[in-house]
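Here's the structure we're looking at; comments come further down.
Order as written gives the chain letters A, B, C and D; numbering starts at 1 within each chain.
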Amino acid sequence: MSDKTIWDKLQNVDRRVFYWILFVGLAVPFMFPLGLPVAVTPPTQGLYSGLRKLQAGDVVALSINSGVSAWGDCLPAMVASVTQVLRQDAKLVIWSVGYVDCDITYREIVNRVPEFKSKTYGVDWVYFGYCPGQESNVALLRDNIRGLYTKDIQGTPTGDIPMMKNINGAKDIAMVLTSDTGDVQVYYRNQWGPTKSSRDNFGAVKYPVAEIGIAMNLSGDMSFFLSGDLFGLTGGSRGGAEMEKLVGIKGDGTITMDSINVSHLLVIGAIILTNVSYLLTRGKKR
Amino acid sequence: MSQIYKRELVFLVTGIVTIVMILDYFFVFSPVKDLATQLRTWALIIQLMAIGLGAINLVRVHWRNIQKRTSTWIYSAWFMVLFALLLVLALMKVSTGTEHWIYSWFFEYPYISLSNTLYAITGFYIFSAAYRAFRARNIESAILLIGGIFVMLANAPIGEVITPWFPLIGNWCNSVGQIPGMRTFAIVGTLGLLAFGLRTLLGKERGFYSEVT
Amino acid sequence: MITNVAAYPTDILGITGLWAGLLLMLFIYSYPLWKENPLYRFAEHTFVALAMAIAIGVNLDALNKVAFYPLVSEGALLMIIPIILGLMIYLLLVPQYRWISRYPVAILVGSSIGLGMAGQLLPNIVSQIINTITPPKVGVAAFDWFNFVYIAIGLICVTMYFLLTYEHTGPVKPVTQFGRYFIMLALGAYFGNTVLFRFSMLASRAQFLLQVLKIIPM
Amino acid sequence: MAILGLIDGKVVPFFLLILAFALFYFFMDQAKRGVTIKARTFPAVAAISEAIGRAAEMGKPIYYSTGFGQLTLSDAMNGPQTLAGISILSHTTKLCAKNGVRLTYFTPIADSLPLVEETMRTAYLAEGKPEEFIPVTAINYQQDQDSYLTASLGWIQRERPAASILLGGFYYESVVLGEAGNTIGAMQIGGSANTHQLPFLVATCDYTLIMEELYAASAEISGNPDVLGTLRGEDFLKYIIIAIVAIGFLLGLANNKALLDILRM
C-alpha cells in the first residue's frame, strides 16, 4: 500500500511505545535482581575519606535540599553518609533551604539509620526544618544561625539546645554535606567559601563542602570536585550504591542499580535503532 | 511628579539594594554588612508574604472557570473544595502547632506521591528526547551522540561488565571532555549577567519594569 | 550487613494513603502512556490544590519564625518594615495603587542582581580561569598534560564562538566551528548523566508500584 | 593582608567587576556618539514573531513560561533569568496583542506577579487594546514546581498552543515541556542560563538562546544603541579572558605560577 519501509516507520514510532517498554523494563529487575558489581569512583571515595577524618565531637551540617521526589537519587547516599558521621561520633545539625517536604526526608533518614537509636536528640543531633529563601538563607546561616532558626522543630529556642550552645555559624561547623537537586551547593561554596571552618586541620584550603547530588549535576559539579571546591561528591543512585558499599550497608542504591542497567541498555538500544534506520532511509532517498 | 514615584524611585531602590549587596560581598565593612543582612531578611519576608498573591490569582482563575462553565469547570469546583478544606487545616496547623490527621494524610501520601510522580515523569520524556536528539545527522550531532552514549555506559554498572573502556572513556568525557564547554558557559553566562545587571542599575533595562501609565 | 527497616503499613490511614498515592500516580502517568483524560485532570487539580494549601502553611510557619516571633517575643521592632513591604505587594489588586507593589519587588530584584553579579565573578570566572591554567603537578602522566592542553584550547575556541558583535568569518570561522564541537561534547555528556538521574527516579516509582501491590517487600 | 579593605581572595573579582563596568560604560558612550555596533542576530528572537504569525493563522494560543526559577525573584542565579524572560515577554505580548493572539503565561513565582501583570498590561495598552487584557486568563500561577508542571501539561494538551516559549531559569520541567510541545507539533523557542538544562532545550526546541544570549536577546529586541554597547563590552571582556588563558597556558607549560598567584588574590 504505502512505500514506507519498516525503517521509515521506526523513525516516527509513537513515543508511547517507548514509554511502556521503559516502564516495564524498569520494574522487572526489582522482581528478578541481577546484582552486578559496582566500582567506587574518586568523587565518592573523596566524600567517604572526608567523613573518615571526622573526630568525636565535630559538628557536621546536613543541608537537606532535595525533596522527597529525589529520594531515588539522594536518599541512599544521605543515609550512608549520616551512618558514617554517627559512627565517627560526630554531631549533626540538620536543616533545609530547599524543600517543604524535608521533614519527611529527615524522618526517613532517622528511621533508616539504626545508629540514631544510641544517640540523644539535642545533644548529638538537632533538626531545624525548612525555611524558604535559598541563597539569602545560606548567607544568613554563615554568620548567624539563630537569626534564621530561632527555634528547632520541636519549638525549643535555639539558644537552649545543649549542642547549639557554642554553635552559631560556619566557623563552628566542621563541614557541610548538602543534598540538592539544584544549586544549593553553589550557595554554600559562594557564601561560606571564604570562611574558615572550625577544623582547619581538616586539610582543605576551602571551606569543606560535599555534595550529595543528583546524577544530572554530576558533570557540572565534577569540575568543582577536581578543583577542590568540593571535597566529595556523589552522583545519583549510582553514587548512593558506591557509598553503601564503602560504609557497608545494603540499601536502595544497590537495589536500584539493576533497573538502571536495564533501562540504560534500552535507551542505548533505541538510539542504535534510530541511527540505523536514519542511515538506511537517508541512503535510499539519495 | 507621579512619574518619579512610579518609575524613577523604583529604579533608585533597585540600584541602592544592588550596590549594597555588591559592597557586602567584597568588603569587610560592618555597617554595610548589617544593612545587607537586614535587606536579605526583608527580601525573604517579602517573598514569603507574596504567596498569597499567587493564591488569589489561582482562585480567581478557577472561579472564572466555574462562572463561565468552561469545559473543565467541574475540576475547578473540585479544586475549590479541596483547597478550602486544606487551607483551613493548614491555617489550623499554623495557629495551634498541631497537625490534623487529615492534613498529615494528604501531605504524606497524595502530595508526596504526586510530587515524586511528576519529578519522575521526566524519565519518559528524556527517553523520547534522546531517541530524537541522538541521531548522527552531521558531525556535531555525532559528537553529541558519542559523548552521551559513553557517559551512559560509564554510569550504568553494566558498561564496565561489557568492556572496561566504557567507564574509562565515559568518565573522561564526564571529568574532562565536557569542561571546555561547561566552563565557558559559566564564564559567558556571568558576563551576560554583568551586562544585564549594569543595564538594570543604570535604568536602561526597562523591559521588566515596563512603563507605567 | 544492615538492611533498611521499613514495613507495609497495617493501619487504615497508611493503607488508604498508599493506594491513594498509587492511583494518583497512575492517573498522572496516563498522560504520557495514553493521553490527556479526565483522570489526569482530576489528579492535576488535586495536586494544584494540595500544593497551594501546603505552601501557604509552610510559608506562614516560616514567616512566624523569621518575622513574627522576633517581633513579638524579642521586640525586634524593625521587622515591621518588611511586613509592611510584604503587604504593599497586595496593592497590585487595587488599580489606582498598583504601582506601589513595585517597591517590594524592587528590593527582590536588587538583591538578586547584586548577589548574582558579585557572587558569580569568583566561582564562575576567576576560579574557572585559575582551574584552566593550573598546570598538572610535576611528574604526572603525559595524559594529564594532554588534558591541560585540551581544556585550555577548548575554552578559547568556545569563548570565540560566543562573540556576539563580531562576524564569525575568516580565520575565526574554523575556531568557532571547533568551539561548537566542544559544546556538543559537553551537552552530550550532560545529557547522558541526566538519563541516569531520571531513570533512577522513574525506577523508584516502579518500585513503589510493585511494593504497594505487594509483589516485592517494602 | 587586605587590599583597600577587600576580603582576601576577592581582589581580582572586584577589579574585574570595575573593569567590566568601565568597559560597558565606554562602549555605551561610543554607541551614543554614533559608532555602529551590529550584534549577531538571534534566530530565536526572529522566531518569536514567526510563531505568533503562525498562531494567528491557526487561531491558537501561545504558551509562555519563565520556568521554576527557585520560586523567587530574589534568587541570585535565577532571578536575573526570570527578569530577562519577563523582558522578552513584554515584546511577545505586544506582538500577540497586535495580531489578536491569546497568550497564557505560566509561572510558579508569586513575587514576580506585579512585574508580569504590569508588563503585559502595558504591552496591551501600547497596542491600543487595554480592554483585551484579562489577567485571569493571561496569567496562570501555580505554587510549586511540580504542580506548575502538571497544570502546564494539562493546558498544553487541552488548548494545543501553536508555539511554546520557554525563556528563563528552567529546571527539570524543560525536557517535559519541550517534549509535550513536540507531541502536539508546537513551534518551540527555549533559552536559559542554567547550564544543566541546555542539553534539553537544545534537543527539544527549534530555537535556543544559550547562556548570555538570553540576557542579550532583550538588548537586541530593544535595538537601543547604548544597550548594544554593553554587548560590545562583553566581547571585549571575552578577548581579555582569552588573553589571560592563553598567557596563563603558556606560563603553565613552563611551570611558572606568577599569574596564578595574582589571580588568587
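Here is the rule we use: a residue touches a chain if its C-beta (ideal position, glycine included) is under 8 Å from a C-beta of that chain, and two chains touch if they have at least 3 such contacts.
The shown structure was predicted, so the numbers you read here are calculated from the model rather than taken from an experiment.
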Chains in simultaneous contact with subunit B and subunit D: A, C
Nearest-to-centre chain - CA centroid comparison: C
Maximum centroid distance from subunit D, chain identifier (CA atoms): A
Interchain centroid distance [CA atoms averaged], subunit C/subunit D, Å: 16
Rounded Å distance, subunit A centre to subunit C centre (Cα mean): 13
Between subunit A and subunit B, centroid-to-centroid distance (C-alpha), Å: 18
Distance from subunit D to subunit A - Cα centre to Cα centre, in angstrom: 29
Subunit C: positions in contact with at least two other chains: 28-29, 31-33, 41, 43-44, 47-48, 50-52, 54-56, 59, 62, 66, 89, 92, 102, 104-105, 107-109, 111, 113, 115-123, 125, 128-132, 155, 159, 162, 186-191, 193-196, 198-199, 201-205
Residues of subunit D engaged with two or more neighbouring chains: 7, 9-10, 13, 17, 71-77, 80, 83, 111, 113-115, 118, 142-144, 146-147, 150, 158, 172, 179, 195-196, 198, 200, 202-203, 211-213, 216, 231, 234, 238, 241
Subunit B residues counted as touching two or more neighbouring chains: 22, 25-26, 40-41, 43-44, 46-48, 50-55, 58, 72, 107-108, 111-112, 114-116, 118-126, 128, 130, 132-133, 145, 148-149, 151-152, 155-156, 174, 178-179, 182-183, 185-189, 191, 193-194, 196-197, 200, 208-209, 212
Graph class of chain-chain contacts, one of line, ring, star, complete, other: complete
For the subunit C and subunit B complex, residues of the former touching the latter: 13, 16-18, 20-22, 24-25, 28-29, 31-33, 41-57, 59-64, 66-67, 78-79, 81-83, 85-87, 89-90, 92-93, 99, 102-111, 113-121, 123-125, 128-129, 131-132, 147, 150-151, 153-155, 157-159, 161-162, 180-196, 198-199, 201-205, 208
Residue ranges of subunit C touching subunit A (in the complex, touch as defined): 1-6, 29, 32-34, 54-55, 58-59, 62, 65-66, 69-70, 74, 111, 115, 119-120, 122-123, 127-128, 130-131, 186, 189-190, 193-207, 209-210, 215-216
Interfacial residue positions of subunit B with respect to subunit C in the complex: 5-6, 9-11, 13-22, 24-26, 38-56, 58, 72, 75-76, 78-79, 82-83, 86-87, 89-91, 93-94, 101, 105-126, 130, 133, 139-141, 143-152, 155-156, 170, 173-174, 176-191, 193-194, 196-197, 200-201, 208-209, 212
Contact footprint of subunit B on subunit A as seen in their complex: 15, 18-19, 22-23, 26, 36-39, 41, 67-72, 101, 104, 131-133, 136-137, 139-140, 143-144, 147, 155, 215, 218-220, 222-223, 226, 236, 238, 241, 257, 260-261, 264-268, 270-271, 274-275, 278-279
Touch list for subunit A against partner subunit D, complex: 15, 69, 100, 132-136, 181-183, 186, 194, 216-217, 220
